[in-house]
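Following are the structures in question.
Both of the next two complexes hold chain A, though its partner changes from chain B to chain C.
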Partner chain A sequence: MAVAVVVPTARRRRHGKGWVFHLVMSAITLLWVTPLVFVAIVALRSFDDISFHGLGSLPHSFTLDAFGTAWNEGNIAGALGNSLIVTAAVVILVLFLASLAAFALSRYPIPYGRAILLVMLAGNLLPPQILLIPVSQICEMLGIYDTLFALIVVQVGFGLGFFTFVLYGFMRSLPVEMFEAAKIDGAGDLRIYATIVMPLCRPALAALAALESTWVFNDLLWALTVLRTDTKFPITAALLNLQGGYTSQWNVVAAGSLIVAIPTAIVFFAFQKHFVSGLLVGVSK
Partner chain B sequence: MSIPTPSRVNLTRRGLFAAGAVVGGSALLSGCLGSGNTPATGGSNANVSLTLQSSLSDPKPKAALEQVVKGYTKYPTTLNTVAIEQFRAQLSTYLTSANPPDVLTWYAGSVARDYASKGLLLDLSDMWSGDGACAKFSPALKSLSSDSSGKQIFVPTNYYWWSVFYRKSAFAEWGVKAPTTWDEFMALCETLKGKGISPLTNGTGSTAWMASGWFDYLDLRINGAAFHRELLAGKHSFDSAEVRKVMDTYATLIPYFDPKGRSYTWQEAATPLVNKKAAMYLIGAFVTTAFPAADVDDVDFFSVPPINPSVPSAEEAPTDGYFASASTKNVGAVKDLLGYLASAKEQQAYIEASGSSNLPTSPDVNSSGFSPLVQKGMKLLQDTKEITQFFNRDSSDALQATADAALTKFLDHPGDVATILKDWQAAAQKVWGS
Partner chain C sequence: MSVTDLTADRGATRGPADRPSGGRRRRLSRRVSPVVWLLLLIPFVVEAAWVFWPAFNSFQLSFTKWNGVGAAQPVGLRNYTDMLSDPIFATALRNNVFWVVGFGGLSVVAGLGLALALNKPRRGVGIYRSAIYLPMVFSLAVTGLFWRVMYQPDGPVNIMLAAIGINTGEHQWLADPNTALGAILVAAIWRQAGYIMVLYLAGLKGCDPALEEAAAVDGANAWQRFRYIVMPQLRNVNTVIFAVTVIDSLRTFDIVWAMTRGGPYNTTQLLSTYMYQVGFTLVNLGYGSALAVVIFLLAIAFIITYLARATRED
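So, the complex of A and B:
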């Protein structure tokens, strides 16, 4: 987001101080990229090289073995599958439920509508850490502890408040006249929702889908809270498992991290535009 | 067997998922929170299957345990491996849950005793008597595996030793040899320092507990194992003349440590030892896993030399193994699995495959195939009079945190020892009081 803000300013001053901008941004970019380059280098080294020369030294070896080890021993493939199931289910459910809620709250005089909205938002302001034990206990009571279903329910629950709030703001900005026209033409509530509101919300939905999919995909905390079987772990928890209690094969951990970063990177590049607009949804009202 | 198992597991998983979805869905719809457990319990009773929750996420030990569990065919057993820090944090959740894992890996001693006192662990006393799987284990292991009321609640399967590790070729290069007395040890440190080598390495950065290694050993050598145990149990003060003496000796070592060690993890601190920039490392035998494969045979060790001749010899040997949940539904099957894991044959298979220099607890293991280093370690522990584990295992993780704070502060400011010990005692008091 910093980039999005800086670029326009820089463009305006292109003729005067362009080189200052490039100098400063090159330095910042380098700083930003360094950890990634470091991880990539570690992933390409052998374990013996790391234990002999140290983690921070220049590479003395080149091998792709770590990627194979991470893939085979870390159950990365299975974990990726779990992550994709959870992410897809959560994104679809959360957007569907949140858009319904936002539609109702923004277009109908619901008693205590504003209070409902504020309560939903307030839930998001609580640090999730204080809810870990209650959530795990409740899942236990419901008998869904240690299932992907529990993870999906929890993620949907926690996403719902924020997404309803954002979509509420967006739907409020849609002109009232359109709804009146639709009603005069005889469209019912569901028809209005499906054929007018949803298409109009597409930019907001796309942005939120992009955001939510990276959030859910990168989540570790909830996965650790409701799951305990390693074959059900999503990718983040599987990555944590690559780290040993005594010895950590840093090259394998680094290689695993790179593999795991690929899906998020794809989502980011595919929805790049939406990310920036997603972060700005509701700002430019 | 290997083919049916995965498909069975898949079925269970899918079944559980579906059951969960049904239960969760109906509960959500009706708003009813109470009756969720029935289908899940019914499902696991119909077919006896066991869950083994393991914290062994290091690649080789993990693979070794997977292989051992695969060899167990009597009851279908699912092995779950969870990274150790997460396992540590969630252990009490595992044990208190309505449908807990049946068998769990963990530590013998005060940690297991703690859980036993809350009634969370299965009584395994019959495995320790008659012709039970653990009946022939040493009395020291038996007392380590007993709770405060004398029941056995733990099955130890392997342990390792702590010592000062060094590279034989490095010592030969520098023309020095392993010391046998404390004066020789200090002289050796001085000689090595004169050659521009860091005599000692230690990784006390994010693995601050490593600082307790030297504390434990100096206390064992100066005040003895009995005092050490009582100190960790709260019967002596950290702010006492005895502990002060330990810290004064510790202070004489500080100039010999590789100064970068304060920012290293234990594993990073092994690198100077590997490439001969540092000479000695007081650490557990797991250090061999941080060596390049080709250099492992070059590793040797000597025990921390005696300081006070009037205290009996003592070594640290952290003991690992298994305990079982008190609310397991298949007590017979659990004991059968534990007996299998504790058997000499499986201990040997595990140790050979894990490559981590661990020692077997069963006296019937044929150790002739083990490396000379491991055999030397076994002899060290056989000959010593007293065995302790390690600071956290002899006390608690909470007390370990107070030690980490005090000892890292001490390493940075050895001059402040008086206030550090006073603060340490105050912090420890809170742990014991709670």
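So, the complex of A and C:
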């Protein structure tokens, strides 16, 4: 075919302009990582060095003090613990509950199932602002205001619609024959869910877990809405507090932000494939 | 934050083809066991209690005056009419329009451009891609603080601008009402462009390369191939990205909160930050709810666009 002939020539032509491409892309990449590199340099400098030579000068000192200050006095250590608890609980609960709903909707002829699915998805698309005031009131009423439990519950509730929708699509694509075979063998609904559907959903669940864990870990708004006490803050809220407390100590602020950025960066690099496929759920079939 | 959520698209909902025919369905529907109903009901009730019920409450509260203690006073439409003469609301609304256009427009242009450049596999592409979408994993709060450091008067932004001949002196980017919102916008795009790039890369992967090659043989230049061959094939991705970006823009809160908290003099206030301040700092729950309802009403058209796409049978 003609196409097969064209491809090699096109490729050879691109090679010729390779250096322009690399020049431009290296410049953009460099520009892109500048903030990260600069913040890392600031975090490694001492306060005296910064106040004497200025923030933008080349470093004249090297110290990990700023990390220590942020970690201990800035309460980043405690906040990291809170964030890990909340993130683990939310990811497990939201994926579990969403998988139940998705299983029921995708595999059984629930009347108005499609409408129910869309209503659940719509709930997740709402701007969170419309929920903030009532959610904090409800938490006060239930006596869970200012607890990590409240933060977990509200994030589970808000995330459910999206994950139900995505898992529904995934379960829908599983071969029907497996279900029929299991049914003929006399397997009950719960057994089909636990022994057939869930194991098959493992790749989807991994992608969604990577995605949701960064979302929950990065959340700020819900934490500000249902928490009041500093010691219960997750890491993003604690970081903003740190910034308020160390206004002119940019090395401490920089070190704090880096500590907060590291866990999500690790998830990203460890699960890069999952992470990207999670983002792409549905965009390309 | 979470409007990444919106990337789920059609494809998740299959057409009627794999559904049982009408008659058979009716027979089966009687066989949905109570256990299965329970599986659906538990998650649904959780979402209803923490999403639908609070959303409904916001509508109710928006017609009242309430500071959280005692009973809420009904005031009819007063909160909404007050908005018309509230200068901060006007600023926030104007800023939000600027934000939707700026954030949406620039991040899409940047993301699409980068995706086109990095679409074909060649040496180094993986490194470029990773570097560009790395910021996406940082929270908006972290992004905000990174850039607060960058924007300090003696920080690298002023130094770099001076190096290329634009002398800004010790400009206070975030303290100057004229530059603060633009400065936040740059930080937000730094984080968003990689995300849009990933979506477009996926879209481009779905394009048929044979079509473009055929057009090249017929003498179409690069721009013509992009405009008439590639763009039409990206229609689905474009719709998703459009809806995602607009809804995301209306939700934007964290990065502004981390960088300026709406200041200086409320010049970087967006609807979301103003709503938060009214509701939680000033504890004016009725007016805050009314502002939330306005955000909801602005978002609803795009939510419906998105849902319509999600349901479309194809």
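The rule we apply is simple: the second predicted complex is superposed on the first by the 251 of 285 C-alpha atoms of A that agree within 3 Å, B and C clash if a C-alpha of one lies under 4 Å from a C-alpha of the other, contacts with A are read in each partner's own complex, and residues count from 1 in each chain.
Basically, a contact is a pair of C-beta atoms (placed from the backbone, for glycine too) under 8 Å apart; a residue touches a chain by one contact, two chains touch by 3 or more.
For clarity, every value in this text was computed on a predicted model and none was experimentally measured.
Applying the stated clash criterion after superposition on chain A shows that chain B and chain C collide. When both complexes are overlaid on chain A, the residue A:Leu174 reaches neither chain B nor chain C.
Residue contacts after overlaying the shared chain place A:Leu200 against neither chain B nor chain C.
Once the two complexes are laid over each other on the shared chain, residue contacts for A:Val153 go to chain B and to chain C alike. In the superposed pair of complexes, A:Pro134 makes contact with chain C only, with no contact to chain B. After overlaying the two complexes on the shared chain, residue contacts for A:Ala187 are found with neither chain B nor chain C. Contacts of A:Ile144 after superposition on the shared chain: chain B is touched, whereas chain C is not.
When the two structures are aligned on the shared chain, A:Leu55 is found in touch with chain B and with chain C. Of the two partner chains placed by superposition, chain B and chain C are both touched by A:Leu224.
In the superposition on chain A, contact is made by A:Gln249 with chain B only, not with chain C. For chain A, the partner touching the most residues, choosing from chain B and chain C, is C.
Across the options 44-52, 224-232, 260-268 or 314-322, chain B meets chain C in a clash only at 260-268, per the superposition defined above.
Shared contact residues on chain A (touching chain B in one structure, chain C in the other): 54-55, 133, 136, 138, 153, 224, 240, 243. The touching residues of chain B, counted against chain A in their complex, run 9, 13, 16-17, 19-21, 23-24, 27-28, 33-34, 36-40, 51, 53, 55-59, 61-63, 78, 80-86, 90, 93-94, 97-99, 101, 267-268, 270-271, 274-275, 286, 289-295, 356. Those residues of chain A that touch chain B in the shared complex are 47-48, 51-55, 69, 73, 133, 136, 138, 140-150, 153, 224, 228-232, 237, 240-249, 252.
Chain A contributes residues 2-3, 6-7, 10, 14, 18, 21-22, 24-26, 28-29, 32-36, 38-39, 42, 54-57, 97-98, 100-101, 103-105, 108-111, 114, 116-118, 120-138, 153-154, 156-162, 164-166, 168-170, 172-173, 176, 188-190, 193, 211, 214-215, 217-221, 224-225, 236, 239-240, 243, 250, 253-254, 256-257, 260-261, 264-265, 267-268, 272, 275-276, 279-285 to its touches with chain C in the complex. If you check the complex, the residues on chain C that touch chain A are 1-2, 4-14, 18, 20, 25, 28-29, 32-33, 35-37, 39-40, 42-44, 46-47, 49-55, 57-58, 61, 68, 114, 117-118, 120, 122, 124, 127-128, 130-132, 134-135, 137-142, 145-150, 152, 154-156, 158-160, 190, 195, 198-199, 202-203, 205-206, 210, 213-214, 216-217, 236-237, 240, 247, 250-251, 253-254, 257-258, 271-272, 275-276, 279-280, 285, 288-289, 291-293, 295-296, 299, 303, 306-307, 310-311.
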